Structure formats: C-alpha cells, structure tokens
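Sharing a structure below in structure tokens format, with a few things to ask.
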Amino acid sequence: MKIVVCIKQVPDTTNVRINPETNTLMREGVDSIINPFDMYALEEGIRLREKHGGSVIALSMGPPQVESALREAISLGVDEAVLLSDRAFAGADTLATAYTLARGIRKIGKADVILMGRQAIDGDTGQVGPGVAENLGLPHITEIRKIEEIGEDKSIVVERLLEDGYVRLKTSLPVLLTVVKEINEPRLPSLKGKMAAKKAEIPVWSAADLELDTQRIGLTGSPTQVMKIFTPPRPSGGKIFEGDVQSTVAQLIAALRDAGIAIGQKKGEA
Amino acid sequence: MAEPIRVILDKCVGCGLCLKVCAYDAVSLVDKKAVINERCTVCGACVGVCRYDAIEIERRPFKGQDVENYAGICLFAEHRRGKLSSVVLEIIGAARELKKELDRSISAILVGDKVQGMAEELVAFGVDEVWMVEDPSIGDFDEDVQSDLVTKILLEKKPEIFLGGGTILGRSLLPRVAARILTGLTADCTELSIDGDKKLLRQTRPAFGGNIMATILCGGHRPQMATVRHKVMKEAQALAGHQGRIEKLDLPILKPRVEVLEFVEEKMDTVNLAEADFIVSGGRGLKDPKNFALIEELARSIGGAVGASRAAVDAGWIPYSHQVGQTGKTVNPTIYIACGISGAIQHLAGMKGSDIIVAINSDPSAPIFTTAHYGIVGNLFEVVPEMIKQLKE
Amino acid sequence: MNYFLTEDQQMIKELAAKIAKEKIEPVAAHHDETGEFPWEIVKVLAQADLFRVFIPEEYDGLGGGIMEMCIVVEELSKACGGISLAYAASGLGTIPIILFGTEEQKKAYLPRLAAGEILAAFALTEPDAGSDAAAVKTKAVPDGDSYVINGTKQWITNGGEAFIYTVIALTDPSRGPRGASAVLVEKGTPGFEFGKKEDKMGIRGSATRELIFTDCKVPKSNLLGREGAGFLVAMKTFDQSRPGVASQAVGIAAGALDKAVAYSQERKQFGKPISSFQGIQFMLADMATQVEAARALTYQAARTIDAGARNVAKISSMAKVFASDVAMKVTTDAVQVFGGYGYMKEYPVEKMMRDAKITQIYEGTNQIQREVIALQLIKESLQKKD
C-alpha cells in the first residue's frame, strides 16, 4: 500500500504572545513544529503500513527550512520524504497550495491513501485537503476519527466525526482523508528513526520538476489576498458588567462574540 | 522570476518591528535595513506591521472570471435530517446586511431530499430566490454529489458572492467547489462587509489559533466564496410577508463514490481539560456537590471542559482530575469561566494563562476580579442558568 | 549549559527529556502512591530505542556506553527517580552480560534487552550480606550439568518484573568468597520465586522484591564468567553502574532544583516573591552549584569508563558518593524553599526527598564508597613513593 501524508510546518501558535505595548503578535522565538493535526496523520499512516505493508511518504510544500519537519517525520517511522520548494510557490493561498501538492502527489504516483490533519494551526482553514482531492479527481472525507478496515478489494470503511455523533462511510481506494485527534495517540520518535532521519536524502522538487501551470502556483495562483492583519481587541483591564442578571449576561456574551469567539459552538466545529 | 516580496530600502528606517512579528525567522537587519531571506512564506505579517510602508508584496493573480457578469449574494442552505442548519439563519442575517450596501438579490442553493418546506422557510427569512434540486438520492453529507450540483448552479447563475457555514459539511464542500471553479475561498469568517468602490466582499476571520485577525479580499475571481463561523453572527429574524421565487432545477445527479453505512448519535461528554478551548470551573461558592450539575450544563452548552478549584475537590464534590491550580492542572483555554471561585493564588497559578477570564462571584471583593477580564458580581445560581438560556438562543 | 556532548548524545538527551516531560511527569505521583510498576513507561522507552543506547551494535544496540546510559537515567530521573529505576536497574543487570557473557549468552539476552522486550536485574544482597557482600550464603551447587541454587536474595530492584537475573552465589562454599560465581537465572525457572513487594519510603515506582531459590536448577551454561569469579563480576559491574546511580541522584536533584527555583518566583511573602530574599537566593545558588558539580563528576566517571581506563573504581565511587549526598541535600533544601507546602504530599518535592535517600544507600553505601576511595588513595600514594 502506498500512503502519502501531507504535512505542514507551522509556527507553534499555541505559544505566541501579544506584546502588550504595541498590541502586536510577538512571533519571534516561536518554534517551528509539524502541524499538530498532521502528527496524527503521520501516526495513522505508519499504523496503516504496519497493518497492510507498503510504504509511507511524507510530502510538504514550503521554504527550505521545512526539510527539518520532513526529517522529523522520518524519525517517527515514515519511509521517505519529499519537499516541494521553489520561490514561485511562496505566498500561495489554499487554492494554489492544493494545486501544487496535488502535482507533487501525482509525481509520487499511485498513492492509495492520502492523509493530512484536519487543518493547520496557522491558517486554520481546513481547505487544502478537499482542494487536493479535487485536483486529483479523488473522493475525500474530512474529520476522520477511525479507519475501521481496508479490504483486499480496496474497499475502505471509516468513521467520520459529525457535530452530533459520527457516521460510518464506505468507499474504495484511492481516497484522501483528513484526520482528527481522536483517531490515535501519536508515537514519539525513536533513536533509530532519528538516525535514519539524519542520513535520509530528501529530494527537493521545484516548479520545473512538477510539470505544472505556473499561473496556478504561489502568489500568482492565489485569488484571495490578505489585505490586513490585526490583533483582535482583547480586554485589558477587568470589566465588571452592571445591571440585572439578564442584562449582564447579555453584555458578557456580546463582549465574547465581539472578540470573535464562537461561544455556544458544538464539538467538532472549527 | 521577480521576488514576490521586497523591502523598499529608501523607506526602511531599520526599526526592526518586522523582525519581531516574523514567525519564520525570515527577517534580519543588515546595516540598519531589513533583509528578507528564503525562509519567508509571504504571509504578510511584516507588511501589516510596518509603519513606513517599506515592505511590499506584488500580487498579480492569474486571470479569473469576468467580474462584470457576476451579480447577487448566494448562500448554501445546509440542512440535516430535514431541518435547515442554524448557521443558515446566521448567513442569511449577514447576507441581508450585505444586501443593504450591494443592493443585489439574495439567493440560496438547496439540494437534497424533501427540501421543498425548507425552501419556503428560506424565503420567509428573506431569501429572494431559491435554486433547488430535490431528489431522494442526495444524501445529507455527500461532497461528491453536492459539490457537483453546487458547481453547476454557480456556473449557471453566476452570483458574485457565495457563502456557506463553517460547519463540518461547509468546510469540506466549499473548498472542493472553489477548487473546481478556480476561485477564492476564505474560511470561518467572523465578519463580512462590503469594501470600497469596487464593492468587494471584505472577509475578516481569525488565524494563528485565533491570535490574529486577517481581512481578505478576492478581487479578480468569482464567486467570492467564504464560510461563516457558526454562532458568531446574529441569526436573521423572519421577514414578514417577504416574497421569493423557488426554482426547481433539473440537473443530472452523480452516483456517489462514498456510501453511508450508518449514523451513530453520540452525546458529547465533557472534554479533556488540558486541550479544552473553553473551561467552566466551580468552586466553594457552589455550596453543594449537586450544584456541579449547573457547571456541567454550562460547559456542555459551550463545548467546554469542567474544572474545579481545590476547595471543591477537597470537599469531595468532584474528582481531583478536574482540579485546576498549582497542584492540579495548568490550563490555557480561550475562555475560563470561574464560578464561585474566590481566586486564591494557588488557583490562579493554574489558569492565568487563559486568553479571557470570566469571573462570576457574589463577593465583589473576591481576588479573582482583579485577574478576570470580565466579571459579573451576582448569584451564580441565577447567572449561570441565564447564561445557559441565552446561549441556547 | 554546554556539556560538550556529541550529536548522538544530544539526540539521546533530548528524546529522554521529551519522554520524561510528556510521559513520566504526568504519572509520577500516581506510581509513587500506588507502587504500580510502570510497564507503560517501559513500553515507551522501548519504542524510542532507549534500551539500546549502551548495548553493542552487534546485539541490536546502538553501540554507546555508560555516558549514554547516564544521560538517559538523568533525564528520566528529573521526572521521577522511581520510574527511572526500571531502566537503570535493568542497565545494572545488563552490564554483567555485556562484560562477561559468552557469545551464546549475549545472543540469547542482549537483543531482547536492547528492544526493551525484557528487563534485567542484578542479585547480590542477602539479609545477612549487605555492605559485607562477601558474607553471601546463597549456594549454586554443581550437580552434573546443572547448578542447584538455594537461598534468598533481598531488596532486588526489578525483582519479579525482570526476566533475566544475574545471581551471585557460592558454587564452592568451601572457598568462601573466592568460591562465589555469577549465574544467570530466568524468571519462571522452577524453584525460583519472589517474595512480597517491599513497601518503601521512596522510589516507590520501582519494584523491590526478595528472590527465593529452592532447589532451583539451572544449566551450567548459565555460568557468567569463570567459576570463582563471582565477586570479580560484581565489582566490575558496580564500577560501571555506579555512574548510573550517580546520574539518578543528579537527575532527582536537578528536578528538585527546577521546582524550587520556579516556586520561589511564584510564592509571595512580605509583598515580594521569596526569590528576592537573599536567604533563599543563597540556598538556590548552593543547590545549583552542587548539582553542577555532581553532574561534572558523574560525566567524568562515565567518560573515563567509556575511554577504556583500567582503574575506574575511585572516580566511579566519588561520583556516586558525591552525587547522592548532593541529591539528599538539594531535595531537603527544596522542601525548605517550599516551606509548609513542601511538606505536603500534594506538592512534588517531598517525594523527591524520599526518593533521594536510597541513592546514599544502595549499590554500595556511601560509607563503603568512602572506604573504596580511601583505600585507593592510599594505594596510589604508596605507588608514588616507589
């Protein structure tokens, strides 16, 4: 079985802080990590290989330093890794990223299962998976919490998390799946894995290697443009709401929603 | 090929702010001028923070659709088990606000089995045109079939804006459609408005785990697509006497590649404390162990975890695994709601990393109010049920 | 702080530290309370290949030495000195096989030990033979192709959980200590049973049991080294394992120091964090200096052994005696820094103080260590005179 796991190197957004004076995000000194949801995808890919044989290939698109994330994937037990890197890929939105990754997967060839985490913790969109599947003409299923079984006949049964439960679905390989944290407990790297990662050769494929439409990649391939980035208003001092019970509660909920917090949201949503 | 991002050396004063906001270590100062290296991902954070407009990103996206030919605000009417999802009402509310500025009609795409009643409901809430495909073979969750229908309808009807819910289905379906049509899609918007003379859809949404907000435009491609974050925007109210047109479309329906075997309903249990985005904690002020049920109910209603102060745990009201504090767990949720907790230093040590702390306590001099961002001085037995009630609405 | 580790050593240290923080720390208090053996941690260590670090490559190890083992033990001990013992004591039981095993014996056990599939233990101590190790009474009497073992061993770490035991017993009781040999015994051998699990003051996440041999027959091929070389096996083994105990002590002390430094900044009295008081600052400074010195001496001992030096007893004993005394002092001081809270089981430092005590006692009491060092000093000075 050929398993391709797409991973993204992201800043550890859970550890960023806001500079109280300038009200800007203090991003320097924040570690680069493998997107936490992709760790679950890597683990699932390795488990599939342990169960069904074959190989696991980690794939990522980004600047040269992303190689360290791919080496980390190898230290966990992935067989090979490929980096898609080119200045021309920079500035890609999810449409361009999905296109580029799909070309990479096509070049790897004959993938049976393509895995990735449900979303990246910097972009928080969850859009690349479905986009890659569309580019490859494959079915995709998001929010996978369990791969129940893969049959000899290439049928695959999965459990997909919904807002109010889960649904069991059946389709056949090849398929693209995005996974949630409930799916497994990712392993730690092993020393042998780390040694293999040190020695591993990770090919870097540029735009020229991928036979793609240069109009569809990077900034050029991105219909969406970020016009402004700002830090949301966070309460500074303590504000005690005045009024009766009904009014104070209403003020509280409004204040929280104004800060962009989706309070009252159910499990499984963004 | 030309670098997508460059520093305008004449304007750069070497203040170094760009260095501080770069999460990729891609900026350094050389001879008091900013230099961007190959680690740059063109995320734009430095452009946003530069006070001297000394960094620019050259954007020239590929040729998109003919913008002139697109008109109207369209939304995806997501439904489940015979009912419109509540996010749809929130999207209609947003669409009606956009209509005020754009002066275009609001349409909805509704596909599925037995959807006629929902079509009428959409009209009652202000949708001017419903484009409907009704067929028993269309499942509630079927990205293959639905994305094909949605794409065909969008290509035919050409709305300038297409909105969906930031739900599991929406976040899976719309990216597929956008990738097929080749247009821009912004996820999880918390704010939508119309921008400037070009009347573009201004899409604002959180990123970086909610630590920043980004405003996005899709200038040259149509429709401008966006998913809307659930439970942030206000639901529309029914528009008395509103008339609209329901158009039944006759489109071929794909055979699905994914088969539904069964749906298993699951009640949500209270979530893992360490990973929780929302935590509701109870303390001595609860007075009785049975009152933890109130805390649990509030936690459940916001999809959060239940925490406790040491006093509550020591009193045997709740197991130690829920204790937050110096000798319990350290948590850093987006929101921490402390109910009946005085705010001893030992408890604060465990939760002061929370993004927003809300305190509910009947004692106005309780120390927790000095750390809390928001507070309500009141009887938690009245405030908490009121919160549960208002959040349901 | 740069300890001038090789890249591989750094890699081992980081992985061990990651496991300590993510896997051991969350369960340390639980194992201390229940005394449950941490098999789930053993599995994690095995999967991470940590059991391989001091085993030769030809037996599925990674070919490192005592330094690598010390690095692992120290990192794990920072999170829990009891749980780390499952690893360290298995190391103690593995060393005699590496040093004295025949090819068959090495092939039979080292790969499985390297994979963390099984654990090892070392059995010398008896109820009447502690510091006076030569007073062992357990017999392994030759009988045809076998040895028949009778006797009891006391306070054996990993007892009952380990699979392979190196037992020091008298194969020729008439010769006294010179008649002692090292014999390998597998768990499950008929006549080999375990006593109750001891209820200890500290290191409660480790298993300590009596080994009871009643006409236990093992094949003569289980002899480790030569007949009569039992105490040589024991001494050479301890020479190499002592830095491991020292590392355990360093780890416990370092863990306590970190907690004390953090707490002193949180705890406010007289309107200020207690870290701003010189009294506390001086304590912390002394604690830190002692930990650093203990670590340096331990690394020196480990590196000396790995470099193949012949006389390592003195430096090895120095590391053990110094580090363990430091651990006791630093953990006691840590409890003091925590004040009343430090005395409460709810806070982590009283456990560390209880864990530290044993390092001054086992694998040769600190009194015996001092004797070893003194005798060595005298010997060296006599040699210089010549």
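As written, the chains take the letters A, B and C, and residue 1 is the first residue of each chain.
We adopt the following convention: contacts are C-beta pairs under 8 Å (C-beta built on N, C-alpha and C of every residue); 3 or more make two chains touch, one makes a residue touch a chain.
All values reported here derive from a predicted model rather than from experimental measurement.
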- Identity of the chain that, by mean CA position, is farthest from chain A: C
- Which one chain sits nearest the middle, judging by mean Cα positions? A
- Maximum inter-chain contact count - chain pair: A-B
- Message: How many angstrom lie between the centres of chain B and chain C, each centre taken as the mean Cα position?
- Response: 53
- Any idea how many Å lie between the Cα centroids of chain A and chain B? 17
- Task: Report the inter-chain centroid distance for chain A and chain C in whole angstrom, where each centroid is the mean of the CA atoms.
- Result: 43
- Note on the structure: Note: chain C residues in touch with at least two other chains are none
- Show which residues of chain C lie in contact with chain B when the two form their complex. 266, 268, 346-347
- Query: What residues on chain C touch chain A, complex-wise?
  - Reply: 8, 11-12, 15, 18-19, 22-23, 44, 47-50, 52-53, 62
- Note on the structure: Interface with chain C, chain B side, in the complex: residues 326-327, 345, 349
- Note on the structure: Contacts from chain A onto chain C in the complex sit at residues 187-195
- Message: Looking at the complex, which residues from chain B come into contact with chain A?
- Response: 1, 3-5, 17, 19-26, 38-45, 48-49, 57-64, 141, 143-144, 147, 166-168, 171-176, 178-180, 182-188, 190-191, 202, 206-221, 229-232, 257-266, 268, 271, 275, 278, 301-303, 332, 334-335, 355-356, 358, 364, 369-379, 382-383, 386-387, 390-392
